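Multiple structures are listed underneath, in structure tokens.
In the two complexes that follow, chain A is the common piece, with chain B as its partner first and chain C second.
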Partner chain A sequence: MSDLNVENRAGAAPFVARPRRTAYIDILFAVIAFAVLAALPFLFDSKALLDFVIRCSAFGLFATSLNLLVGYTGLISFGHGMFFGLGAYGFGLLMQRANVSIPLAMLCTLAITALAAVVIGAICVRLKEIYFAFVTLAFQMLIHSVILSWQSLTGGDQGLRGGIKRPVFWGIDLTNHVQLYIFSCALLVIGLLLMRQIAQSPFGYTLRMIRDNATRASFIGINVWRAKLTVFVLAALFASVGGMIMSLFVSGAYPEFAYWTISGEGIFINMLGGVTTFLGPMVGTVLLLILNDTATRLTEHYGIVLGVVILFFALGLRKGLMDFAVDWYRAWRDKAREQP
Partner chain B sequence: MLEVQHISKSFGGVKATDDVTLDFATGSLTAVIGPNGAGKSTFFNLITGALKPDTGRILLDGTDMAGRSPPDIVRHGIGRAFQVASIFPSLTVGETMLAAVGADQRRAGVMHRRFPLTETRERADYVIELLGLANKRDRVASALSHGDQKLLDIALALVLEPKVLLLDEPTAGMGTEERWRMIEKVHELWVREKITVVFIEHDMDIVFKIAPSIVVLCYGRILATGTPDEIRKNPAVIEAYLGTDEHAGAL
Partner chain C sequence: MTKTGKPGINRRTTLALMGAGAFTVASPWVARAQAKTIKIGMPTILSGRVAQLGTSSRNAVMLEVEKVNAAGGLAGRQIEMVVRDSKGQPQEAARIARELVNTDGCELLIDGEASSGSFAVHEVARDIGVLCIHTCSEASSLTADPKQHIPNAFRCVRQGIHDSIAGGSYAANIAKAKGLKKWATCSPDYAYGRDTTAEFVTYLKHFAPDVEIISETWPKLFQPDYTETVTKILQAKPQALYSALWGGDLTSYIDQANIYAMFTQMEVFAVNMADYTALTVVKNLPKGIHSGNRYIKTYPATAENAAWGDAYKAKYKEYPTNWSWQNATAVMFLSEAAKKANSTDGKKLAEVLTGLTIKCPFGADGTVTMRGEDRTLVGYAIGWGTTIPNEPYVPEVKSGDWKQIFALEAEWKKSKGYT
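== the complex of A and B ==
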């Protein structure tokens, strides 16, 4: 992972920052991003592009939520993908079997995810780094095997087949591809905005303190365990939304969504994009998906290409792309300042 | 104020703290001295909840703190700074103070507002000024000098407005001149803030000059307590701790 102890942080959150104004800037940024995304289907007549953005939404929410754990709290989870899988299966099953509306199914899936995350988190967050990583991984594999073996419910290794119903709600028809696309973009933008708020709130700074020095945090009166559990559950909820988008996109759910490699991809995305900036994982998501799509098209040895790229980032740059960009920008700005 | 009654702590067969009973009066300034391995840091760890005492009571204004968790004890009013500056390397001085005040006001879990909260600013500012860190407010903690990191560590404890402030070797790792500056700062804080301060110190010159009362620990037990004059004349102390030539000069 990249070095979190940046020497010079003059660019970030000066002491006299106006908190409320920074919130408005984020909202403005989100509105513009959403407007641009929503305009894409009218500018380009490309189903592939829309598919790409939908997948970016699903994985972007997942990877950014993982960064709340990895980058902000210092909790390296290797099992975060279980909540992505839980979101996809929970939502898919509810839509197939329970005959409920889409918003209700989403809410119920979030409730199920929260419950699972509270139980799993309560066990995991007390553990020290490496044990935390492995026990979360173990839970991921447990959930994956349950999905595989509970054939009557989940369809086993075939996944949830036969498609899911998408009844119209609030005038939104998700059987329409463009509407599904815009719905995904909306979930992405809202999700990112909420996570940004969490990261920049007093709670977000509590997480940073725990990452930096959990012992000291407890000696200024912070209940470290409770804060870690809270962020673990919150991150799980956003990952679950990512899974739901994926479920809507493929119209079902497959065991791969809950396999440990999803968690691995999340970590990979965070390394690609960088964990010291909020949007690092989002950049990493776009990079990975482009890389994924090109590499699989050009060669069978997809794994080797990804391996080389990860080595380049881990050993060569020693940080993610966004970290690199931020450092470069700061160097440029400091240079510009020196010249009168 | 703070009464420690018969606390003991063993690690394996070694008694790190052995039946220690002490009474720190409100507004007192006490130095804890003793040779290496005397159990000074263990004593602090027991009071602040980092370690749980095997036996005994730790009364803060009559409430027993023994065996409680560090956050719980901090909220009751026992703040501490560490021998090796314990800070948040990636946060700036300003952010550190604002976050600490927020935690003290039970706002560490607030998510619907942005950091920093306006109601934390005044107290954070006050302590930053008090410790002379005002011009380093936007500096990242990891980029501070050793002395400033120690000051920031103390500021972290002080900003919680503790009733009792425990300083584990505030001058650790400093040169002679820096030591004196640091200890003058501590003395100034004690005078201005009127809190109960207990500090661990190795430098005898400093201890005898600054501390109105002194506790001498040796092998986990209390060897002596008293004013600098009493400690200087105490035969047990001279023999066990101050008897060597280098320390005799200090007497």
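== the complex of A and C ==
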């Protein structure tokens, strides 16, 4: 250990100390973010605001986990929604039928999701680009079809009926709206923090290298298939947590949660927020949900509004909002430095 | 000497600000207490392939709400409808239902969602205790399954099980009279199609035990091409065909099957044919298709029903749908319950609604009942008849027997473990 420290001081210190310092800063940010979110119910008497943040938590985790694949690894998955659906159904079924506690149901759901992700990922990550995208889509449609067909278990197209029980655990009562809200915020913040650590770890930089040049990564000794499979499974786990939050919010699970449109929304959120910054998908989630809630309130022609926004981002900004903001800030900073 | 003001704000300004603040904080409660209008929220589907479900539901609700408001409102309060599009997504339906109550101040919900969306709204009603009337979901389990029972949710919709019993009885009589023993089925491949078909076959065999199903086809929902399905049925050479296809799928199917002259080769029983959404869209409506009534203004053959259908068409320039009469009936129930309770309080309305019978143009005997045991609609006009290419499309409808429906429905509930 002491040798390592000496070595760090000698030359490698910047590479070791910086991630550690960054991790502390991330934890500090996470604590502040959670404190702010937890304070909202006491500052604003708005149930709609709490509902909005709960939905942001579900979709934010889902979209950010998709960005681990799309933005960090270059794997454009069209079927990531299957894990969102698996999370919702796995958790809902365990709560309805197995009569277990919420934490145990969540852990079991994560185990089921991991198993499914390993099997599906082992096949998909061997493929590149459009082939990867289409095979993930095919698996998503397979899972959706199973949900529709296996009526005795899943309720078919009517979904899981009868509500999801929420027994009290560790003094937490999720039938209470505020406690459900705080629980969702906690899952969101913890999930984002963990994903941030993955993205900033040596493994995260390996993923970037694979994205930029998989052949070169392979030549320097990286097992590309294993790295891709690992991130595929990790991303699936976080998407599954998003699905669990959604199933708690609607007190059920429905086939639409595992349909390709959910994956499409994930891709759109990433386009909207940007894929080059860690918080881009979270910003995209907030934007999409505000857009959705406002547009459906004001007009029945939601599709037209959404189409115009997509065109604005695709043809106008040519990047996500956070990407645009970061680029603009860098340009401004460089210009300020150049001035005497 | 220079006069200097005290820093900060003076006493008068402070008092004025406190007064304004108190008014701002208190105004929502003052406004609510004084509100003469009652807001009713309605999540429904207003976009996508089944947008007609939402638009025709909303039209019918607005038609009835205008009448109620003109007659003095709901227990003296004018109704204001707040209708939102869920896009057919259950999570959106749940979100909108919660928002309508928590943010928009809606005191009652009319749930115009289909299938999974209605179950999502049902959970919201369970969660926040708001009075909710489902008006579009025909899934029997929504009210038959005791797990779904909550005191504040009602269903004002026809049911698959009722249609199947009435249809099975009618079809068995035709089968016996014409010697139709070999049957085929062609229904959409999802829960509604499979459940309704299974139930129809069960009751067809119950009334005509020598019937045999020789071919089953399950086209996908919204499938554009039915060639394979049509040719498979023709090759099986059944004497009769049952179909639970609906809306655009049914009209596409008929148009494509017409090319193969299918309707001259077998008797066809299409439970969802007698609805203007299908009747007016098919290019060449074949004569003699047997259909259950969805909504036609000539059945029940009463002046009230005809007048309601004409009033709807005069206002919206199109005929009402099956969803329309169900939504209109929901408003009629609310209006009558508010009169009896002399209140718009959800709990009081729910108590009155349970077991309530009202006069209604869509009742089999001029009345419909919100059955107390499962808070669902019964006694509505239900029957089967055969089509002709032009209005009135289904000139004679043979009414279903509600006593028979009740008896077999009770057996069905037992077989499902619901009772």
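In this text, the second predicted complex is superposed on the first by the 322 of 340 C-alpha atoms of A that agree within 3 Å, B and C clash if a C-alpha of one lies under 4 Å from a C-alpha of the other, contacts with A are read in each partner's own complex, and residues count from 1 in each chain.
Note that in this section contacts are C-beta pairs under 8 Å (C-beta built on N, C-alpha and C of every residue); 3 or more make two chains touch, one makes a residue touch a chain.
Being a predicted model, the structure only gives us computed values, none of them experimental.
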First (chain B), second (chain C), both or neither touched by A:222: first
Chain B versus chain C as contact partner of A:162, first or second or both or neither: second
First (chain B), second (chain C), both or neither touched by A:22: first
Partner chain in contact with A:251 - chain B first, chain C second, else both or neither: second
If touched residues of chain A are counted for chain B and for chain C, the larger one: B
Partner chain in contact with A:171 - chain B first, chain C second, else both or neither: neither
Partner chain in contact with A:316 - chain B first, chain C second, else both or neither: neither
Complex contact set, residues of chain A against chain B: 4-10, 13-15, 17, 19-20, 22-23, 197-198, 200-206, 208-209, 211-213, 215-224, 226-227, 230
Residue numbers on chain B that touch chain A, as the complex places them: 48, 50, 69-71, 74-75, 79-80, 82, 86-92, 94-95, 98-100, 102-104, 107-118, 137-138, 140, 142-143, 156-157, 160
Interface residues, chain A side, partner chain C - complex: 46-48, 51, 55, 148, 151, 155-159, 161-163, 246, 249-252, 254-257, 292-293, 296-297, 300-303
In the complex with chain A, residue positions of chain C that touch it: 46-47, 84-85, 87, 89-92, 94-96, 98-99, 102-103, 115-116, 119-120, 123, 126-127, 139, 141-142, 145, 147-148, 190-192, 194
